[in-house]
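Letters A, B and C mark the chains as written, and numbering starts fresh at 1 in each.
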């Protein structure tokens, strides 16, 4: 009766940009290290984070992102020149290297190895034509009901 | 004493883009089908989702959205040509049609019919000049305190 | 035994745009007024909200933001002209003035005075070169584990 209940966290990951790929992975790996049972439900653009064809080249658009910390001041106009979107990830990758964070593929592996359960959203796969075999090994497939089943009993639910 | 407590979910919906209009509606309708008492608090751009003048023509901007799944590769530059913003919703609508999802107006009705409570944020209405009569019938009006009252006792809280 | 447990809310604030700076501050100050113990964990671009060099000039980009309520219809193209990004905040500031909301610096102070605990993310500070002395007085510094410790026991967790 007095035993403590297993703590749980349920994350929905919907963004496929490099900057918004880190928060679910940082939070899930930290939680796993604290013995929190954690799932990440990848849906919409978030599925790119566990798509083997895409997860090593996620992009940050400097445009429409006025809050991006820019070492070099960068007017919006530059963001629309062809090829300039790549500037975002390069700056961000250098900043991330400066604090020794793993790459996205490394981070996904770390999460899976530490017991984080990863689920790709079935309707998103159907809608975008992504196949089960495009996904990182160890990722399962499910719908909103599977997410809700877990989340209704979780201590933390986040939509990222 | 041993009766199970009514499960609850509280969603804050702040984005008025076509892609971010679906998650609150999918989650709320799925939760309602699982007998979860659900509210959606629409604030900031999210109010467009229940604004009868706007909810059938929500937009997706291809620009600044590098993670958007694009059947046709599309450089950022194209996103800024006049009229091109419309490309986003057309592609997305076709993808959604492919998996037979309802339109936003249909989905809002489905949620209301299945008992989801929808609340429009009072300060947002004042700030944008949207009137109560512009909102879908059945939507009520309230502030952050009303949301918090419900959410403090909910199993799942999400900010979308 | 029958005493009610202290209610808690844990917010993660990740966006440094003017529009997404308000939700954490509105929710936290409302919760504090309802005697809810509240923390805001500022990470990624969200750190700008408590950065004294930046928090009085947060930007809204009209571009890539098709859902922004625009008093004047504004094609996406205008958003990329140099200087035009400033249009977003001016329009938004006027709308906010219309409903008498405090400015961001005023709102941050109000939250701190009413007991909201504010934590800036250590890795974000390292990554962006922001110093502790750049932050508003009263803001502390911590990592994801500190956030999780609090959030695992909170009634509401939000990722903004």
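By our rule, a residue touches a chain if its C-beta (ideal position, glycine included) is under 8 Å from a C-beta of that chain, and two chains touch if they have at least 3 such contacts.
Remember, it's a predicted structure, so these values are computed and weren't measured experimentally.
For the pair subunit B and subunit C, chains touching both partners: A. Looking at which positions face the partner, subunit A and subunit C present mostly different ones, since fewer than half of the interface numbers are shared. Fitting subunit A to subunit B on Cα positions gives a rotation angle of 120°, stated in steps of 5. One simple way to say how far apart two chains are is to compare their mean CA positions; for subunit A and subunit C this gives 21 Å. Of all residues in subunit B, those touching 2 or more other chains are 61, 63-65, 79-80, 157-159, listed in ascending order.
On the subunit C side of its complex with subunit B, the touching residues are 7, 9, 19-20, 23, 26-27, 30-31, 33-34, 36, 61, 63-69, 75-77, 79-80, 95-96, 98-99, 101, 155-160. Note for the complex: subunit A touches subunit B at residues 10, 12, 14-17, 43-45, 48, 58-61, 63-65, 79-82, 84-85, 123, 126-128, 143-145, 148-149, 151-154, 157-159.
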